[in-house]
Amino acid sequence: MDRRGFLKFAAGGTVGLVASPIIWNTLYDAVYWTQNWGWIPRLKKGASEYLPTVSKLCPSGTGFLVRTVAGTPVRTIGDGNNPVTHGAMTALAAAEAELRVSPARLKTPLRRSSDGAYVAITWSEAEMLLKEKLAAAGSLVAAVSGDPTSSINEVLSSMLNQLGSSDFYFMPDEEMPAAAAWEAMGGQGRLGYDIEHSDCILAAGAPVLESWGVVAANRSAFNRTHPVAGEASQKLIYAGAVQNNTAAGADLWLPVRPGTEMTLLLGVANLLIKAGKAGFAAGLQNFASFVSAYTPEKVSGITGVPAARLEEAAKALASAKKPLVIAGSALGSGGSAGPVMAAVAVNMLLGSVNREGGLVDLPFPVSVVSHATEYRETIRKRFVDYTQSVAAGRTKAPAFLLIHAANPLYSLPADSGMKETLDKAGFSVAVASFMSETCEACDLVLPAALGMEAFDDVQTPYGSGRVTYALARPVAKPFADARSAGELYIALAQELKLDTGVKDMPELLYKHAFALGAPFRSMMEEGRVHPASTSLPASPLFYNWEAIRAAASAKAAEGDLQVAPVVVLGMGTAQTAIPPFATKVVTDYQLKGKLSVVQLNGATAAKLKVQSGDHIRLVAGNNVEITAVVAVFEGILPDTVSLVAGLGHTAFDEFSRGKGANVLALTSVSREPGTGLPVWGLAGVKAVKA
Amino acid sequence: MSSEVKEFKIRWGMVIDIDKCTGCGACMVACQAENNVAPAVDGSNKLRSLNWLTVFRLSNHKPFPDHEVAYLPRPCMQCGKPSCVSVCPVIATDKREEGGIVSQIPPRCIGCRYCMASCPYHARYFNWYDPKWPGDLAQALTPDVSTRMRGVVEKCSFCHHRFMKAQEAAVAKGQDPMNLPDGAYITACTEACPNGAITFGDLNNPTHKVHELIKSPYAFRLLERLGTDPQVYYISKREWVRREGDNYLEHEKTGEATKQG
Amino acid sequence: MEERNNTTTPASAAKKSCCGWGAFVVGLVVALILGWWVLPNLMKETKRQPIAFSHVEHVQKQGMTCEQCHFVRADGSFSGAPTTAQCAECHFTILGSDPEEARFVREYVQTGREIKSEWLIYQKQPDNVFFSHALHFGPLAELHGPKETAEFCSKCHLNVAETDIPPVYRENRLSGYSENTMLMWGCERCHAEHMAMGNTNASNACFTCHK
């Protein structure tokens, strides 16, 4: 065929193709290709279910409905039927369905090999190893739990007690100093707060609308007492160094220097006594004469709160029908007992103890596992005392150390002795859901199921005003190879021939429900939550003015600037780090790229000769230094710098790792005068323009 | 394309009480999860991260200690006279469906970003990159909202899929899908707000709470004087917060512009 | 150039051109065969349903209604193909003599394998389409019996009510969609009509169908 013939052939072919449907159909199909890009995930279809359970990741035990599609959780939605949280969510609980499948989620048991790298092992290998190491450790066993509301703790403490060890601890939390304070003032039960029914709340240092206590319940109370566009039936006064989220919701903000909340409360006490408020109890006279030195002028000088605002707050409390004073720490751990003692004393003056909308004396959770340590005993024990003692060699290092649902390497200050304790421990095990800093330092890492994947429970969290009991139910399959930590410990106890008195988690939960008279069946089947109506006879409280005086002698942190940490739940907890879906909630005044942002007011900025956007170096007393970006913000005291907590992770996933600095690194452990509590809420820093 | 305004029997609207918002961000998390907005590794880069709903911090611009702070959640305003719709060359965005929600169909979008330039509220976001759900995160995608691709604009839809589902559920129960009771259809952010700062409903329906709330003397809308007629209202008892909602001259008072539009 | 000109005598040129038109015809025929038959078939992959389900057996012989398998859930969403568990409500054990049924019981019911995730959907829509069966079921109440129902449903779906074996599923290799997939103009046949099927709600605004 010659050229001309070929061309004719091609022309014929072209005419033929044009006259056939293939080209047009293919063009038509382009509509599919433009809408479906193969590398972008497709959606799954299937029936939706909304299953009620409670969050075990969010410290307030938020009640939510897990929405599953064809069995896979895709959303968590506030459960309006939950009698504790009334459908209120937190930024953390809202991200839980995504956290379940986040890149940081542990998928399989990991064992550290001789070259330091982790090797995936099977569960049966892991269980063998646990049994062997635990049997070899004798009584040199220690365990710490970061989840004080779970009855899994009882299984752990029971095992340790039977092995001859008393080293079961809770991670330091908000309740420890409060329990010490309540006991010092004569409290016999557990300190509770009836926030819901109060008409005027003074929250000193306690960010009640963001991270303190049962946040979701606090928020729901705030919602109900503050109708949209209507008159609020509750006044909220917040005393804190920074205008944080709680201050945004408060009717009055008292700018108080970090660590001077106790002075502020003693000043309030003085004003209240002057106004004739004198709830009678033993020690009142001594207390009154002690606080008479706390005049508004003096208090204003120490705390930074303008005297007029202090008087306004005292007036609001004095004229309220059901005032309530709450003290707490911004960080949520490492706080002092002193402010809580002062808060209890102010409540006593106001007659706000054991009445609706006041402080309440709640019964402690009771253990149902044989040989378990009671909650009220465990809450007294101080983990940091133990780790510092091990680090200093005063206490024998544990041969077997178990860390349950906690990330102490991240959430304790550098001088807490945690790192040394882990180094010295013969064998360390982390049972966790996410690859945390602590997991990375342990010999064995076991993937734990989340609350929505296994049986667990939420016993009255600290900050609640009544006894509540909620079950976490498995509404979804555990992710990858994760397993229920509770079942793991119970099986381990059985292997070691230890007597826990329960054969599995449902039985343990049943025993708790039975003890509280809670309807176990409807709790299991429908996810009902039980609000118990237990009450205690009023404790014989007294004004323990000596303990107050001792605590009030605590020294302020040294340094040119005081650090005011801000905790936001959108940043996750030490166990979860920043949830993938919460990175956008992190604001540009908290983090910029890889650097933390430090907020300070215009006067401080002028003094340091910096402006917004400048880099600044903060050097703490322990010589830790961090570089941060300056953001000028007027909602903060002079000579105070604010940093958000929850940054500076070195583990987890790309959503958390290598972002900003851990504010805890700037803090050091000291002891509170009187109570001897290890405290680290404060840090003083020097600042240099970088 | 057309600039004439369609009248709707139902006008979905939102009332946000700024005095109740404490800026926790639960709404933003819920919004992303509900609408399959991909997570951002560096969320602190506000120029590149994509949000349908953003919470802004407001300041009264006074020095310490008289400073005050407030938080303003900003969804799409679903304007009655949307400036984005009239500029879209391909009708990827429109306001025609009953309910008055401004629709955005990402596969139809050609990525010219004219709508972004025209939106006075910065409510529209561009997919500069392919969305990514690292690891197993895509397992948590909801079946309700299609994933988008690189090169298209997207925005808040008032969780429009929930409107469709509410209609579907109403039909299944034998009720009128065009007369939903208050609360039968709410957005994911409304549902997630622990403080109850967001109220959602039909602005035209007297049985819905929002119908009354927008008549509050404290109610205002953002940049009202532009005449975009937003379907999102804000409420604050604080004069300085209301002033933040628009550009006021010193002698001007808030509340006077409301009648316009 | 010289040489080539020389070879082109008028006679041979006429012969060539005649032969050339032959080439055109050959090209045309080849292209038509390719374009009408070979390529379209190459583009499509023929698939069979995992089980040769018989609607005739279930509906006509056993007297089942459509809603026993295809129903609107309480929340208004539609359950199209039944799950293994739904099938197992009857087929917990082998009921008849059909080898396909025996295979279904052995391979799915007894092992817990999910038939719904393997069933090929002829009419599957992309993710950005929201289609509510419930909102389209208005006229259903006035229909009587499976036959009328099938006619109504087959306005969009393949009519499978009277098939003894499921129709062949042909998937476009490039797009991954079934050849029976309804495209937007198919929806617009009714949605652009203001009074389609007596319904005034049939708007064709984007958000009526897209998500």
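Labels for the chains are A, B and C, by order of writing; each one numbers its residues from 1.
Basically, contacts are C-beta pairs under 8 Å (C-beta built on N, C-alpha and C of every residue); 3 or more make two chains touch, one makes a residue touch a chain.
Treat the numbers as computed from the prediction; the structure is a model and nothing was measured.
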Query: Pick the pair with more C-beta contacts: A-C or B-C?
result: A-C
Statement: With centres defined as the mean of Cα atoms, the chain at greatest distance from subunit B is chain C
Query: Between subunit A and subunit B, what is the gap in Å from one C-alpha centre to the other?
result: 31
- prompt: Cα centroid separation between subunit A and subunit C, in whole Å?
  reply: 53
- request: Could you give the separation in Å between the centres of subunit B and subunit C, each centre being the mean of its C-alpha atoms?
  value: 39
- request: Please list all residues of subunit C that touch 2 or more other chains.
  value: 73, 75, 77, 126-128
Numbers and ranges of subunit B residues touching at least 2 other chains: 107, 144, 146-147
- prompt: Listing for subunit A: what residues touch at least two other chains?
  reply: 35, 42-43, 48
Field: subunit B-facing residues of subunit A, complex
entry: 34-35, 37, 39-46, 48, 67, 69, 72-75, 77-78, 88-91, 93-95, 97-98, 100-103, 105, 209-210, 215-216, 219-220, 222-224, 226, 228-229, 243, 245-249, 253, 255, 306, 309, 479, 568-570, 579-593, 601-603, 633-638, 653-655, 659
- prompt: Can you list the residues on subunit C that touch subunit B in the complex?
  reply: 72-77, 126-128, 130, 132, 134-135, 137, 201, 203, 205-208, 210-211
- line: Seen from subunit B, its contact residues with subunit A in the complex are 15, 17, 19-26, 28-30, 32-34, 36, 39-46, 49, 51, 55, 57, 59, 61-65, 67-71, 107, 130-131, 133-144, 146-149, 188, 191-197, 199, 209, 213, 216, 218-219, 235, 237
Residue ranges of subunit B touching subunit C (in the complex, touch as defined): 91, 94, 96-99, 101, 103, 105-108, 144-147, 157, 160-161, 164-165, 167-173, 177-178
- line: In the complex, the residues of subunit C that touch subunit A are 16-17, 19-21, 23-32, 34-36, 39-40, 43, 73, 75, 77, 79, 126-128, 172, 174-177, 183-184
